[in-house]
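Letters A, B and C name the chains as they come in the text, with residue numbers starting at 1 for each one.
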Amino acid sequence: MSEAKLSLRDVWVRRRGSDILQVPHLDVLPGEVLAIIGPNGAGKTTLLMVLGLLERPFQGEVLFEGEGVRGRELSLRRRMAVVFQEALLLRRSVLDNVGLGLGLRGVPRRQRQERALHWMERFGVAHVARRGSRNLSGGEAQRASLARAFALEPEVLLLDEPFSGLDQPTREALLEELAGVLAETGLTTVFVTHDRDEAVRLGHRVAVLLGGRLRQVGPAADVFAAPVDEEVAAFVGVETMVPAHAVGDAGGLARLEVAGRVIEAVVKGPLAPDVLVCLRPEDVVLAPPDGVMSSSARNRLPGVITRVVPLGAQARVTVDCGFPLVAVVTRRSLEELGLVEGAQVMASFKASAVHLIPRPTAS
Amino acid sequence: MTWRRIAIVVALAGLLALVATACGGGKEMILATTTSTQDTGLLDELVPKFKEETGYNVKVIAVGSGEALSMADRGDADAVLAHAPSSEQALVDKGSLINRQLVMHNDFVIVGPANDPAGIKGMESAVEALTTIADQKAPFISRGDDSGTDKLEKSLWKKAGLDPQGQGWYEESGQGMGATLQITSQRGAYTISDRGTYLAQSSNLDLEVLVEGDPVLLNIYHVMQVNPEQFDRVNGKAGQAFVEFMVSKETQDIISKFGVDKYGRPLFIADAGKSESELGLQ
Amino acid sequence: MDLIWDGIREAFRILGTGDYSLWEITLRSLFISGSAVAISLFIGIAVGSLLAFNEFPGRNLAFTAVNTGMGLPPVVVGLMVAILLWRSGPLGQLNLIYTPAAMIIAQTIIAAPIVTGFTAAALRSLSPRLRSQLYALGASRLQMLWLVLWEAKLPLLAAVMAGFGGAVSEIGASMMVGGNLAGQTRVLTTAVVLQVSRGEFAPAIALSLVLLALIFAVNLILTTVQQQEQRS
């Protein structure tokens, strides 16, 4: 625990009589990027404010490098930097804005401007240095906000949905630039977002926050492939969730009965009798009903397409195999395989792609 | 929170500094007088002289007689110069005022438009003139502010057995003599004014003196002290000095010459030392 | 009509010569109203920021009180302050009645709600996240306050101008607590009334012109600063 950069212990945040955040235990490890994801209203921003020492919890402790923060909030805040969803620039030149944090710490003017310009170049906004802050596009403003934060050379960086308000191309560009800078500097970072893709792209570890509580914290791969309960599963993008009943278990391979079909899943450890079968749409492959399957998937289920939803360059296809199964395919495949509603297909997935969540035994 | 405390401390400090500058104490004196007295300009000449001789800084508060005497009755003034004899006497009887001395007098006149629609010009009796105005329903402006002038006017209506209040031709300005004369002039109405204020403003007015000389129109000024025994914070020494100053020979000389260069005749007649009965003759 | 033309001509002559203690009275007006506004600014910032940023029970009531204060008739304020400061009143021993200090107090009571109300509104109009961002950048409470005030400086300037306008043009309170004493507590407004009551219109017009010019100048400053801001 003493190796964590920031820690929360038994933290409760109350507002207007209701609990909006309850975190018994959270560590932010030095050098890692921790992505906090959750739906709107889950309490992510509140969590960030508590970590950034911008809000005092109703109960509980915040620790910086293992020691309580009480009494030294200001000096610790000066070792961190926060980027919000809006750039929140003051009415002055962009350069003055980027150097603001440095000015507050008493850095002399010349140095301030040098550092500010350096980071503005890094984030590609050096050319607007002299402009008034009101005359920037959303993307330029957020770049300036990032430059402002990095110019402080903080020990911890906190970002609250920094790209949510930007258009897609800008968002993607900035995400890449930020990922690059973070990899280079190895800065301890907490990144709050509701976008799963951003979390996966940037985060070493992912924390899922639902209803004010941390449901799962772990490496990104684990959280997304093996969500710990139904709600987390739904949030991390598991779209196929069906109740199933265990009918056999041999050598790490379980057999499960679901809606009259039998599927196989890889299990480690004991198997609960009643489970929820979870499948990510990316792990389901669709093929024509009688075609030769090139994959080695153990699970093959024939079914009928009930729904096709195009989403940009991809499409979500729902197949009824006795239970609804969701797959994602490219538009090209959609056309090539002739996937339309009512068509017959063969859906297949690997046993290792199946994730099981134990359920309390039903009637 | 500290900066907020600093802000409040600074604000209070500012106020305290102001308070400190204001504390003059011993050499300050408040004289309650009437607007008509001040408007004649007499005090502009006398007060600096008083300051030169005695060192007292006089704050001349000019309000209506009613308010001036009410100030005295609260101990909010040190001396009073007024011309409402019966009200003054009441306060002397009460004990709020002491050392009341006759200073000077002038008279009231009834003024009105040159063409005199009510036809009162030259009448010898003020009461008769007012009765005529009432009969004719000629427009009349009253001070209506409980001042010495106002009290005199009301006493004349009473003597005439009339009650003009509420009648269309009778209006109350509620203001000082100067303002009331202005209104009277603009409306082509009649009013009662002390001669001093009228003379001082006559060049700006379309009014003429129509009735004068009636003994009831005498306007008698007294100076008096607020009783220092009755109220805390009354500067008894200053009050006494002022009374003595006003009845001194030098001051009385100044009074009897005041206004001659401007109006050709003095605005006041100096009376210190006389008894009131002597004033019946004018 | 002649009266007015003569008056205006004479007024300009007086402006040139400075008769009737014109400039002494003007300076005193500036000093008294300026002091009142300066003190109001401190009060306005302290109370206005409290109202704008902090949640506390009775906050709505406080806002209502400030708004009511803005509409207080000055003459009523004058009467209340006079009653307190008269020798016969509870604060009589301060000997403040009929002094410039008393006028500053009365004018502060008149101007403070105006400045406070405007300041609270100006601070409220700033983005609510801004303060968090400034704290996050490492601002101390004092630094944050300074930055926020500077950011809202235009509406704050308007607040000060409104307060000054109210203070310098009021007459009832100044008359009652000041006494309109020549050389001590006479200001532009009370001097105008005195001259009019004496029938001396030319100096009254001259004093009025100075008062108008003063208010105009003050508003000119505000407009100029506003325009500069908008251009940048």
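Simple rule for what comes next: a residue touches a chain if its C-beta (ideal position, glycine included) is under 8 Å from a C-beta of that chain, and two chains touch if they have at least 3 such contacts.
Everything numeric here is computed off the predicted structure, so don't read it as measured data.
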By C-alpha centroid distance to the whole-protein centroid, which chain wins?
C
Computed over C-alpha atoms, the centroid farthest from that of subunit B is that of chain A
More contacting C-beta pairs: A-C or B-C? The answer is B-C
In whole angstrom, what separates the CA-based centres of subunit A and subunit B?
87
Between the Cα centroids of subunit A and subunit C the separation in whole angstrom comes to 56
Averaged-CA centre spacing for the pair subunit C and subunit B, given as whole angstrom:
33
For the subunit C and subunit B complex, residues of the former touching the latter:
3, 35, 38-39, 42-43, 45-46, 49-50, 86-88, 92-102, 104-105, 141-142, 145, 179-182, 184, 196-199, 201
Touching subunit C in the complex: which residues of subunit B?
1-4, 7-8, 10-11, 14-15, 18-19, 21-25, 28, 30, 35, 39, 44, 59-62, 74-76, 175-176, 178-179, 181-182, 200-201, 204-205, 231-234
How about subunit A: which of its residues touch subunit C in the complex?
49, 52, 54, 74, 77-78, 80-82, 84, 86, 88, 90-91, 100-101, 104-105, 132, 148, 152, 158
Sites on subunit C touched by subunit A in the complex
127, 129-130, 132-133, 135-140, 143, 147, 150-151, 229, 232
